[in-house]
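Every chain is named by a letter (A, B, C and D) in the order it is written, and numbering of its residues begins at 1.
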Amino acid sequence: MENFSNFLYMREELSLVVLIVFLLLYDLIAGKRGMRYFQPAAIGLMALHTLINIIPRAEVSAFGGMYTYLPMAGVVKSILNLATLTVFLQAKELFSSSKQRQRRGEYYFLTLVTLLGMYFMVSSGHFLLFFIGIEMASIPLSTLVAMDKKCKKSAEAGAKYILLAAFSSGILLFGISYLYGTTGTLYFADMPPLISANALQIMGFVFFAAGLFFKLSFVPFHLWAGDVYEGAPTNVTSYLSVVSKGAAAFALVVLLFKVFGNLVVQWQGILYAIIILTITVGNLFAIRQENMKRFLAFSSISQAGYIALGMMGGTALGMNMLVYYLFVYLFSNLAAFGVVISIENKTGKLNISDYNGLYSTNPKLSVVMMLAMFSLGGIPPFAGFFSKFFIFSAAVEQGFYVLVLIAALNTVISLYYYLKVVKAMFINHSDNPIPTLRTDGYNRVSLILCTIGILVTGVVSLFVESISHFGFGVQ
Amino acid sequence: MEYTLLILLLPMLSFVGIGLLGRKLSHRAAGISGTLVLTAVTLLSYLTAFDYFTTQKVNGVWQAIQPYNTTWLNVGERLHIDLGILLDPISVMMLVVISTVSLMVHIYSLGYMKGEKGFQRYYSFLSLFTFSMMGLVLATNIFQMYIFWELVGVSSYLLIGFYYTKPEAVAASKKAFIVTRFADLFFLIGILVLSYFTQTFDFEAIMGGDGSILSSALGTTFLGASALTWAMALVFIGAAGKSAMFPLHVWLPDAMEGPTPVSALIHAATMVVAGVFLVARLFPIYIGFTPEVLQGIAYVGAFTALFAAIIAVVQTDIKRVLAFSTISQIGFMMVALGVSTSMKLTPEDHGGLGYMASMFHLFTHAMFKSLLFLGAGSVILAVNSNDMKDMGGLRKHLPITHVTFLVACLAIAGIPPLSGFVSKDEIVTAAYQFSTGMGIWMTVTAGFTAFYMFRLYFRIFWGKEYRGEVKPKESPRSMTYPLIFLALITLVGGFIPFGQFVTADGAPYTIRLNSTVAIISVVVALVGIGLATLLYRKEEKRASWLPSRSSGLYKAAYNRFYIDDAYLFVTKKIIFNNISRPLAWFDRHVIDGAMNGLAWITNRASDAIKGFQSGSLQWYAWVFLLGTLLITLFAILL
Amino acid sequence: MNFLIVFILIPLLMLFALFATRNRKQVLAVMVTGSSALVLASIYLTVRYILLRNSGVAETMLFTSSYTWFEPLNIGFSLGVDAVSVTMLALSAIIVFTGTFVSWKIKPLTKEFFIWFCLLSLGVFGFFITTDLFTLFMFYEIALIPMYLLIGIWGSGRREYSAMKLTLMLMGAASLLIVGILGIYFSTGAVSMNLLDLKEIDIPLNLQLLFFTLTFVGFGVLGALFPFHTWSPDGHAAAPTAVSMLHAGVLMKLGGYGCFRVSIGLMPEATEILAPVFIVLTAIGVIYGALSAIHQTDLKYINAYSSVSHCNLVLFAILMLTRTAMTGAVLQMISHGLMTALFFALIGMIYERTHTRMITEMGGLMKVIPFLGVSFVIAGLASLGLPGLSGFAAEMTIFVGAFENADLFRRVLTIVAVSSIVVTAVYILRMVGKFLFGPMQNRKHLASIDAVWYEKLAVVILIAGIAYIGMFPLGLSNLISDSLAVIIK
Amino acid sequence: MGEIIVNTAGAIPLTAYLIVGLVMFFAGIYGFFARKNLIMILISVELVLNAVDINFAAFNRYLFPDQMEGMFYALFVIAIAACETAVAIAIIINVYRNFGNVEVDNIQQMKE
């Protein structure tokens, strides 16, 4: 019975499970009338869940090391919570059409399950839990991607996602099997001394890492992202681009630092190449996109490259800045998606050219979008500038001048396409602009939240300083 | 003598005042106030001259004094640009010249410019010019001189372009400014070189000591000549630009597009002799350390003098004739400076004669040349044309103009006892002392001078009867009085014991005429006049004798020996079309193209790799696997 | 509290106030009040600064204070000014003030225009008061991005292309800068990004060479360093008047200022080694800009190329590493700031009347709009370095200072740079001669009215500044020179 | 732990298992690349996952027989693979509903 008390160490997971079970039961029991309050309940409880778990705890290990709670993981979970909450706020309109009304419960339920999977990913101390987490995160996501049953694109995206995720799981597992074979253990804590950088271990590591790179959509494992982001319901896309990516990024950095410290030469070399490829290729594809969702997909691929800069150094500073980057990225990207969702739901328009003259009809939405674009592009005084500057600092600190220079030069390309959106809204004229529309209340809250985040999280040093207490370097 | 500061301040105030009030002032008020200020300045100048020449002689030598000096700008540890007033014989002499001519022009313009649009502007510019010119001659240091050098340049620009709606005037003003600016560039470089070695701009510091301050400049050689030689040669190029020496003379004839009184003031009497003044100011260095440059100056001056005289013979625009005459006469002054061989001017050593003669000629020339211009202005006003073809027989209609003009013509031709005779004779004497060849050259030039001046005189006032529709009227008194006044000075100017006041070393000298040279000069002058009388006094038939006899040379001279075309070729064809245009193209297409090229490359790269995102599930997996394998290989090799 | 914060607070307050405004009148009221406050603040600062200096305070920078901002990276919000920054602040205040009046009738979206304009000036003011590398960079970028919208929305001609080009090129420069700045900080093991602290620390020479190149080019692009100047003609030509004024008048000075503060201030050894390369580039730029200007027919292009030439002269002078030349560089920054602002203001006003900027399509305008015409001529004369106007004092200080160098290479290149005065005269006179003088080209222009009060106000202030510096440069020059004494012996 | 007798002498060597695993792995991958039917592709993925199971089991049995980590891991993989297959089948059915067939070449609407 002693082991059960270990569950108490998994506070976040427990509260999330309670939330999931409650929503599942609610969905099951409540009638049509009760379902009206489903979304408010989901959002309220999610907010509650976020709040009660917002303060990170001390480091703790449960179930013989299977589950490890790191304070930084607590921070990341809070970030994921916040992102999920924002995504939920933006989800109301997704189900306003009657054909999808009945699936309201499923959406929240499935999303939260993937969130639980991500919790496991970032808190696992063992490859088994890690694998379970990854699968918990990706299998329900594929159903979410394919949720829009009548939409061909959605179906195609779902198929691509599930099959490629399975394929990537296969590769990942294959890698783990060799790591197991060469070390004899699957505990994170036990593995580092047994890793001696022999060819088999390196192969195992790369195969394993490829599975995570897939989730993070690093080039060349990114090809699914564009299609899936485009095909998925926009709400799911935003979830994919922020939450799923954030969890994978943090899981990767923890693994690299804690488990594969002995392979630092290898993974730095790999990441060096991958970061350049990811940023550049992401940018090159983003400049040619017309569809807003696809555009944001490639933009987020390129952003993943910047996120990875935080891993390069293998330092605590790098990890801190990576998490901070995720934090800021959450607001910027979700602000952009919030606007896209709002416009898509009312008009069904998704192309950048549809946004022409948006400022004349929807000034507020345009301003939010502009802030999001500037923040993503790293323009001060918006938060994106600070996170980008800091993550560059982390890489420069370790002497990666050339890499940072390439990354920094790439911001020019990225600024080009972010400005393209701004240009469409503010400068271009349209004979047939999107009519003035009213965003629903929840989404408005989310947009306000994101705007505040964009404006405040950079300038106010509290955020980055709080995060900076928890990082650790290669061990 | 602190009141000399007022000489600078008054015209400045007048410029700012009239300039700012502008059209709010009536024409009359602007003209009168400008003239009054100038009268005050003139009186102050005379007072200064009187004061100076009565008090500042120590041991028989005129002393330079600085009544006022203040730092304007520090440029380095030791270098500083000062603004001040330096009084010595030549600056005082220049004060008198400038204020006199300027006052005459101010008065004259009251009549000449009457009713012109922009009358106030005109007077404000005149004040600006007077201020700048005063500042130039009173400069205590070479940089102050450069500052005012530029300012006179811009006043000249503004005044030449006074009729700014006339494209020719605009072009001429532009040309004048740019050509002189081009020369000023060398002046500036010269200053930089000089000051680099001497670490001072101050005239007295440079020239006052025993020359040790120049030793480092002398000791440094660059491309076979000492740095000092370079510096002084560069400074002379600046002087040559302002004083319209060949080949930088091209701007001056065109500058005649400006109002005629302006030509009289700026382009005959004062600004154009600034170059001569500059060389005279730096004379101790030229003669003491870089005599080779001084000789060069002599040759440039001599060539220019004859060259311009030849062109003047064939011009038909009366102001152009006078302009080339001015160039030629400034050539005389330059020659005079150049043929000097020492500072001394004693019965034993005539080395400094040229310097004295040059300054003297500067003085007399200012008077009679401004008189000629003002006379020409009177004529132009009467017949409303610049061209000789439209004139003839005007002596009856314009009696005062005629007489004063004749006086000036006789003076410039070198007929005793008029002022021009004395000063020019000194120059020719100095030239003979230098070398016989130079003497003969200058004598011939003097003969040409007499010829073209009387050609001008006869074609205006004699020859055919005037056939214009309107009967020409003598000009108003505001114009004729200055003519008379200047004519009087021209008449008696030769009797001024100039050597008592202005010599190279400051020691007085009594002018003695060299009778041989004087007789030769007079004979040559008379021959010139006689020839002109023969050809032009009566009628037009004979006038065409010259063109028909020497058509090739005539044509070449008429076209000013194509120097302007050469300039036009260089500026228009080479600089504008072959440098600037390709450069602009280069900037747009190569440099900017490179920047645009980066964008293009980015877009192309984006196009090139779009195939990777083929949409095929299996391709995606294939890339995934290949990537994994490659990275594995890469990681193992690391 | 540090007085300097006022320079950030005022634009911030203006921003908030502008958000609250409801009509054009209120917008203008906010702008006039705010920009007047800025002018007053800068006057007060200048006076205080001079008084402090006169009372014998000898520190490198005055009004210093430092607040920790981002503790993990030792980033502080450090303030401090020396004479260079004080004069730059005054210049910026004047140009913001006059820019407000020049944009009196801006349309459409008046409020938005001024919001961006305020943000732009916030960046500028912030840049000049901070001494921390991070904030320096941050304000640099803050000043950058409003340009895109200001040109894109309110510009003319190929505004979208030009706006994008300008933004991207300057952003590219910023990306070089960020690496340089971070490199300086991390390679030294410094404990803060404060310039004053970093100055005490030696950077290894091989890294200095890298960082010097990065930062000098990075800042240099904004200072129109040849061959990275091409954003300037297009950008300035397309930008609305006030923005051209502020950008050419002040923002381009950020480049020179940054080179001087960061590249040269922190890495003297690398400067010694690399200066020749950049001296050649800038000397080429000086002549090149001027020669390119000769051939242009668009007034704004002429002035933009002229700016290229003048701004390269600033960089050229900075690289000469003599105190005199640097003093000249600062004077030239101020002088060019006022002059080019005046030019752009006048071009904007003329354009409003004639609806063309092609000098070939205009002529004889002096007759119709004498006030603007005369002002234009004054600006032109200042640009070609007429004594008595600011350009002369600045250029001569530069030339004499540059010629002080003992090595022949620099002196020869100085002569090359000096020769620009002729070329400048050529294009200025050509421009003035073509469109102000000569016969009327277009009858329609006869109906143009001369400047109105708000235009006159702006023009007169700028001319007064130019003339004052031109006639009495000594005080300013000494102030700057003394301040530079600690940087350059 | 029960009585597990490790008898390596004369038995099939570990490398043989690993080779089988590797062959299955690449067979699965080949199938993924070569098959046109989504169902077949799904089956190929299963093959890949099963190859991994073999690896885990073999490693555990031969190298680290005193604990059961590998075995359990294999069990979990089997379970999760089943989930994955179920969901994948559901999605493929949805594809069929939308496209009328399950040819992989058809689901190429989105690209570039």
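Here are some notes:
Keep in mind that, in the parts below, a contact is a pair of C-beta atoms (placed from the backbone, for glycine too) under 8 Å apart; a residue touches a chain by one contact, two chains touch by 3 or more.
Keep in mind the model is a prediction, meaning the values are calculated, not measured.
The chain closest to the protein's centre is C, with centres computed as averages of CA atoms. One inter-chain figure worth recording: chain C and chain D are separated by 66 Å, centre to centre, where each centre is the mean of the chain's CA atoms. One finds 42 Å separating the Cα centroids of chain A and chain C. Taking the mean of the C-alpha atoms as each chain's centre, chain A and chain B sit 78 Å apart.
Look at where the CA atoms of chain A average out and do the same for chain D: the two points lie 28 Å apart.
Multi-chain contact residues of chain A (touching two or more other chains): 159-160, 163, 167, 171, 226-227, 285, 288, 416.
For chain C, residues touching at least two other chains, in rising order: 168. Shown for chain B are the residues that touch two or more other chains, namely 599, 610, 613, 615, 617, 621, 625.
Checking each pair of chains for touch leaves A-B, A-C, A-D, B-C, B-D.
Note for the complex: chain B touches chain D at residues 610-611, 613-618, 621-622, 625. Remark: chain B residues 599, 602-603, 605-607, 609-610, 612-613, 615, 617, 619-621, 623-628, 631-632, 634-636, 638 touch chain A in the complex.
Looking at the complex, you find that chain A touches chain B at residues 159-160, 163-164, 167-168, 171, 199, 202-203, 205-207, 210, 214, 220-221, 223-224, 226-227, 263, 265-267, 269-270, 273-274, 281, 284-285, 287-288, 413, 416.
Note for the complex: chain C touches chain B at residues 165, 168-169, 227, 229-231, 233-234, 288, 291-292, 294-296, 322-324, 328, 364, 366-367, 381, 384-388, 392-393, 396-397, 399-401, 403-404, 411, 414-415, 418-419, 421-422, 425-426, 429-430, 433, 436-439, 473-474, 477-478, 481.
Chain contact summary for the complex, chain B toward chain C: residues 71-76, 79, 81, 143, 146-148, 150-151, 154, 157, 161, 164-167, 169-171, 173-174, 177-178, 181-182, 184-185, 188-189, 192-193, 195-196, 575-576, 579-581, 583-584, 587, 591-592, 594-596, 599.
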